[in-house]
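For reference, chains read A, B, C and D in written order, and residue numbers begin at 1 within each chain.
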Amino acid sequence: ESHGDFKPAVIYDMGGKFDKSFNEGVYAGIKKFQDETGVEVMEFEVTNEAQRQQAMEKMVQRGATVVLGVGFAQADAISAVAAANPDVNFSIIDVSWLDHPNLRQYAFKEEEGSYLVGVAAAMASETGTVGFVGGMDIPLIRAFACGYEQGVKATKDDAKVLQNMTGTTPAAWNDPTKGSELTQAQIDRGADVVFQAAGGTGVGVIQAAADAGKLAIGVDSNQNYMAPGNVLTSMLKRVDVAAYETMKDAMSGDFETGVRLLGVAEGGVGWALDEYNADLITPEMKSAIDQAAAKITAGEIKVHDYRSDNTCKM
Amino acid sequence: MNTALELKNVSKSFGLVKANKNINLAVEAGSIHGIIGENGAGKSTLMNIIYGMHRADSGEIHFGGQHVDVRSSADAIEHGIGMVHQHFMLVPTFTVLENVMLGTEGGLMLRDGRGAALERLLHLSETYNLKVDPHALVSDLNVGQRQRVEIIKALKGGAKVLILDEPTGVLTPQEADQLFEILKVLRDDGVSVLLITHKLSEIMDITDTVSIMRQGEMVGHRKTSETSPQELAELMVGREVLLEVDRKPAKPGEVRFSAKNLGYTNAQGVVELEDINFEVRSGEILGVAGVSGNGQTQLMETLAGMRHLTSGSLNILGTEVTAADQTDPRIIRDLGVGHIPEDRHTHGLVLNFEARENMILGFQDTGLAGDGKLFDYTAIQKNCEDKMAHYDVRPPNPRLNAKNFSGGNQQKIVIAREFSANPGVLLVGQPTRGVDVGAIEFIHKQLLELRDAGCAILLVSVELDEIMSLSDRIMVLCDGQNVGIIDSAKADRQTLGLMMAGQRQEAAA
Amino acid sequence: MADFLYQLLLSFDATLRIATPLMLCAMAGIFSERSGIVDISLEGKLLSGAFVAATVAALTGSAWLGLGCAMLAGIFMSLIHGFACITHKGDQVVSGVAINILASGLTIVLGIALFKRGGQTPSLPREDRFTPIEWWGVDMMDSVPVLGTIYRQLISGHNMLVYVALLAVPLTAFILYRSRFGLRLRAVGEVPEAVDSAGISVTWLRYRALIVGGALCGIAGAYLSIAQGGNFVREMSAGKGYIALAAVIFGNWKPLSAFMACLMFGFLEAATTRLEGVALPLIGEVPTQLMLAMPYVLTVLLLAGFIGKPRPPAAIGKPYHK
Amino acid sequence: MSTPTPPLPRWADLILLPIINLFAAFFICGLIVLAIGENPIEALGVMIKGAFVYSGGLGYTLFYTTNYIFTGLAVALAFHCMMFNIGGEGQALIGGLGAALASFGLGVYLPAPLAIPLAVLGAFIAGGIWGVIPGYLQAKRGSHIVITTIMFNFLAASLMVYLLAGPMLEAGQQSPQTARLAESTLLPKMADMLRPLGINITSSPLNASFLIALGAMAVFYVLVWHTRLGFNIRSVGQNQEAAHYAGINVARTIIITMAISGGFAGLLATNEILGFNHKVVLNFTAGYGFTGIAVALMGRNHPIGIFLAALLFGALTQGGGELDFEFQSITREMVLLIQGMIILFSGALAYMFNPPLARMIAKFVAPKDPANG
C-alpha cells in the first residue's frame, strides 16, 4: 500500500493456482514478489470462459496498473482489455502472437527443456523404454512430447518412447487416477522413466511411478520433492520468473512490452537438480545434459518445435 | 355373544374427501359379515384402517373386546387380522412360496424358514382345498389361482378375522361358489369373515349379517335373514331404485362393423383373443358379456386400433382391416368409429387437462380446435360449454381440471365428446362403472337414443344386468374365445353364467 | 505371442483396478434400484466419499478412519436422497441431480476452506493409504510358468479395497437372493403394496437399501482418493457413477451381470490406455477420442436394444403412496 | 399425517412456496458459509451488488440469464412430454458446432441479415440432432432417456474436442478452438445496438442473443399451449395411454419434442459463440445444460417462470463470481452449492413445506370463509 498507485493483479487459468505445475509456478513467482516487496497482488482463478475478460475488466476497474494473464486461453480476453485500457500494463504467459503497445508476452521453448529431460530419461532408463504422459491433447503438450522424444532418441537411438494423452477435455488436467493408470500401463509395457506434462494429473503419474519403484519426471515447477528418490528431475518452465519479472518491472516503472521468447539460452526452461534427486543424477548424466544445454544455447542442436508444423520431425 | 372386532366412531379423510365418517361396526366371532355400498362409499378405506394400511383420523378399534392401536399392518397381523385386498398384492416375479413367506420368513436367511413355510402352505392348501403349486411363478398363474395365493397369505398367521375386499369380481360364478365353501369352513372354525361385494345375491346367499355404507357413512346394519335385496339397494343408494330400462325393439339396418376370425397374440406370445366372429348392424347394440379378464379389454382395444390384430380381419364401415395393416387409433377414428374406453382414467381423459381440452381429446386435429393453424380457445371453450350443458356435466366449468370432477361427471365428459361426433360405429366399454344411479339412467337413455338414430354399438360390461337390459344380442367371451352369440330376449342369468364359465351355447341351451 | 498374452494379462490386471469403483457403485445402485429408488446420485456419493476419505486420512493420518468416514459420508448423501424421495416423495431423478451438483460444489468449497489448495487435499504419504498387498508365496509361485505370472500380476498385488469390491459382488448376490432382507428388497421394488400389506415398513426398507448403497459408494470413493490415488482432486469421480449406473442397467439389475458389465467398461478403458497411438492391424491407428468415447457408444448401442430390453424393477421411480 | 391437508391456494403455490423453498436453500448455504468462517449476510450483499449494481454487472447477469433461458426452455419442453432431458449440455455443445459450420460454410458469402438467421438456424438444427437421437432411441427402442442423454453429453464432448483439436483447429493456434467465425454471422453487442438509440450502457457480453431468447420464450408459449403439436406433447406427457387412445402418434411426438428441445439447448451457442466468443471454444457450455433442469423446475415449465428462474441463476452466476473476488475462502463453487441446494429444495423437496404452509394459510383464511365440512 506504501507504493502509491502501483496495484498488480494476476488471473490464473482454469487449472487453479494449486495445480502443482503451471499455475502454481506463477503463484510461486507472485508469492516471491509479495514476500519481497510486501505489495498485495490481486488474484482470480477463472472457472468459465466469460469470466476471463470479466475478471480482467474487474481488475482494471479496481485500479490495477498491471495485469498478468496466465495461459494462452486468456489471449483473446487480454487482447480486448488491453486495447480498451491503453494506460494499464498487461502481461501474458504462453502467448506470442498478439500486438498491443501495452502488452508483454512470454513464450517458452518447452521443446528445449523437454529435450534436456529426454536426455536424462534415456540415460536413466535400464529397459530402453521410456514414457510420456500428457494432459489434454493439444499442440502445446505435443511440443513437450516431441522435444522429449528428440532428447531421448539423440541419446539412445534405439530407445522406445511410449506416449499417452490423458484426455481431450480440460478435465484431463485434473485426473490423477487416469494419470496413474496410464503410467501403470506404460510401466507394464516396459517403461521405467515417465515424463509427465499433465497439470494436476501429473500427481497421479508421479505417485504411480513411485508405487511401482520406477522414475518419474516432473514438469513446469520443480516437483522433485513430491516423491524423493522416484522423481528423476523436473523440466522447469520458469513461469515463476516471468511472473516475478512482470511485477518487478511494472513496479519499477520500466515495463517493456513485446514478445519474450524464453528457451534454454535465456534460462526460461531447464531442468531441476536439488537435494531430492541428487542421488539419481549420475555425473555422466549431469555432464550429458549440460552438454546438450550448451549445444542448444550455441545453436548446434536445433530442437524441432511441434507447433511450427504440427508434426514431430526427428 | 362374542365380538371379534368392533369399530367405534372411526373417521378418515383424504384431503377434502371424507372417506369414512364416524363409522361404528361390530362383527361376531365365527360369522360372515357382508359390507356393501356404491363405488367410493368408503368400504376399502375402512378395511384398510382395520388392517393398519391406513390410520384413522379418529375413533377406536377393538379386537376381541380389547382396545388396540393399529399403527401398521404388522400390528394387525399380530392381532390375527388377515386381508385379501381388492387389488392383488402379489409379486409377480416371485414364486408362490416366496410370496407367502414375505413378512414371515422365519429367520435372517431364507433357508431357515423355507421348510416350515412350505409345510404351512401345503397344510392350508389341503385343509381349505386351495390348490396351487408352491414353486410356480405368480406371473404364470391365472386370476383364480392368484386369489388362492392371497387367501393362503391371509390365513398363514392363523387369522381370527379375515377380510376379503371384492374377492369375486374376478371369479367365474363357479369359482365364487368354491370360495364360499371355503369361507363357510373358516366360519365353522371360528374365524370371522368380513366380505365386501357389489353382488346382492352373494350377500343374500352367504352372509349372516350385513352393513351398508353410503358416502362414507354407515347407514344400516341388518341380519341377512331379515332383509331383502330391494331394501339393501335402497339403503345403498339412498332413494328408491328404478333399474329397468325402457328399450324399444331394435330396427337393425345394414352391417356396419364385423370381425372375421379375429385373433390377438400379445408380445409375450400369449394368445389373448382367438377366432372371434361377429357383426354389428346399424341400429342395434351387441353386448359382450364375460367374467372380467376374459379378453374383453383386448377385444375393445384391438377393435379401436390400440393394439394390432394378429390374425383375421375387421370390416369397419366398408373398410377392410387385416393383420397386415398397421392400424392405429387415428385411422380407426377417421373411419368413423367412436370409443368410450373401459378405463376412463387411463385412456379416456388426461386428468391434468382442463375439461375443455379433454373435450377435444382425439378431435384435436378437427375443426373443434379451431380452423386455423393455432388453437382457437374461444371455439374450444364454446364447444365445451355446449356439450356440458347438453350432457348435464356438473359443475359446468370448462376450465376445471378433469381430475376434479366426480367419477360420474368425468364419464359424462367422455360420453359427451364421443357421442356428439355422431359416430357410425360406437365401441362402449364399462359405461357406468363407478357412476351413480341417476347418471346410469342418463347414460343408458343416451345409448339407446344413439342406437335408434342408426349407430352400430358394441357394448362391453361386466354388469350382466346392464348387458341384458341394453343389448339386442349378446356375445359371451371366455378365455379370449367367443362362446356364442345369443338373442337377448332368450338370455337369462343362468344361461349366460354357464356360457361365461366356458360352456358352448349349444350345450347350454 | 507370449508378449501379447502377457500384455493381455496386464490389461486384465488394469481392468480390475479400473473396475473396482464401478463394481462398488454398481452394487450400491443395485441395492437402491432394486428397492425402487432411481439412483443417479451414485456419482455424487462417490465424489463425497472420495473427498471425505482423503480429508480424514490427511487430517488423522489413518486410512482406516478415512474409509469409515467416507462410508458415513456416502450414507449421509443417501439419507438426503431418501429424505427427499422416500419421506417427501420427491422426484428421484431430480433429487439425484441435486445431490450430484451439491457434491461437486460442497467438496470443493469445503476442500478450499480446509486446505486452501484450490479444492485439492494434500498428497498422502504411502503409509496413510491402502497400498498394494503382496500375497503370500508370490516369489515361490514365480517358478511355476503361467500360473506364477497370473498369481503375481492378476491375483496378488492389489490394494485391499479391490478385494473388498470383488467380495461385494457375491455378497450382494447372496443378500439379494438368499436373505430375508433381499427377499423384501426385491419385493419392495416390484410391488411395494405387497410389502406394506405383509406388515413390513416400505419406508424403512428403502432407507436401509439406500444406506447400504451409500456405504458402498463411500468405499468406492475411498478407493479413488486413498487407495488408487493419493489425494482428492475436484471432480475426481469423473462420471464413474454414471458408468456404474449404466452397468446396473446392462446387468438387468442383477449383481453378477452388472459385475460383468463393470469389467467390460474397465477393460475398454484399460485397452484404451494401452492402444492409444498403437496402429492396429487392418484398422490402423484409432483416434484417441473415439477410443475414449467407446464406453459411451457401447452403452448407447447396447441400450438401444441389441442386448434385449432390460426389465427394470416394476415400481422403480414411483414414490409409494398408501 | 393424521391431520388432513387442505389444498394450497394458487397464489401460494405459485409464489409463496417457491420463495420459501428458495429461502430454505439459501439458509442452508448461509450455514455453510458461516461454517467456513465468512459472514453469510455480507456474502449475500456482495452477490446482489455484483449481480445488479456494479456497472456492467447487470449486463453479465443478463448474459448468463440468456444461457439459462435456452437450457431451461429445452428441459421444460421435454418435461411437458415427460421426457427428462439431461442432455442440454451436449446439445448446446453441438449447437456450437452447427453455428460454426453454418458460419464457415455459408455465412462468409452472405450479408449479415441473411447470415445471422442461418447461423442461428445452424445452432438450432445441430442441437436438435443431438436431442433427436436419444428421443428416437427412447421412443422406438425403449432406451432410458436419462442414460442416453448423459451418454450423449460425453459423446458430444469427445466429438467437439476431436474436431476442435483436430480438423477444425485454427491454423497456428494451440488452444483447441476454431478460427474466428465469419463477421457477417456475429451477433451485435447490446451496448452497440443501443448506442445509436441514444442509450449508453456499459459494455458487457450481453448481445442480441438475449432478444433471441425472449423470442424463444414466446415461441415456446405458443407452441406448447396454442398449437396441435403442443397439445399432443402435453397429452403424451400427462398420459401416454390417453394420447395413444386419442390417435396421437406417441413415438413421433416424443421424437419431435426431443428435436425441438435439443434445438432450444443448441441456441445457447448463439449467445456464447455467435454473441460472445466469436469462435467455438472448448467447454463453453460450462454446466448451463444441467442447471437448465433447475431453471425449468423452478419456473414450473412456463416461459415466464423460466425467465425469472433464469434471472435468478444468472444473478447467482454473476454475483457468485463476485464472491470469488471479495472473499478469501469462497470461490465460484459456492454457486454450484447454492444451485444444488435450490434444485434439492425447489425440485426434490418441492412440497415439503406444502402441508404446514397449507395448514397455516387455512388457519388465517378459514374464519372469513365458513368451512364446508
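Note that in this section a residue touches a chain if its C-beta (ideal position, glycine included) is under 8 Å from a C-beta of that chain, and two chains touch if they have at least 3 such contacts.
In this text the structure is predicted, and so the values were computed from the model without any measurement.
Looking at C-D and B-D, the interface holding more C-beta pairs in contact is that of C-D. Centre-to-centre separation of chain A and chain B, using mean CA positions: 76 Å.
Separation between the centroids of chain C and chain D, computed from CA atoms only, is 30 Å.
For the pair chain B and chain D, the distance between C-alpha centroids works out to 45 Å.
Between chain A and chain C, the centres computed from C-alpha atoms are 35 Å apart.
Counting partner chains per residue, chain C has residues 119, 289, 292 touching two or more of them.
Across the assembly, chain D contributes 158, 161-162, 331, 333 as residues in contact with two or more other chains. Along chain A, residues 45, 137, 168 each make contact with two or more other chains.
Interface note: chains touch in the pairs A-C, A-D, B-C, B-D, C-D. Across the interface of their complex, chain B is touched by residues 1-7, 222, 225-228, 231-232, 234-235, 238-239, 241-249, 373 of chain D.
Listing the residues of chain B that touch chain C in their complex gives 51-54, 72-78, 83, 85, 87, 89-94, 98-99, 101-105, 107-111, 153.
The touching residues of chain A, when paired with chain D in their complex, are 44-45, 47-51, 53-55, 57-58, 61, 72-73, 75-76, 97, 136-140, 168-170, 307.
Taken in their complex, chain D has these residues touching chain C: 32, 35-37, 84, 86, 137, 141-144, 146-148, 150-152, 154-155, 158-159, 161-162, 166, 290-291, 293-294, 297, 329-331, 333-341, 343-344, 347-352.
The touching residues of chain C, when paired with chain B in their complex, are 178-184, 186-187, 190-191, 193-201, 314, 322.
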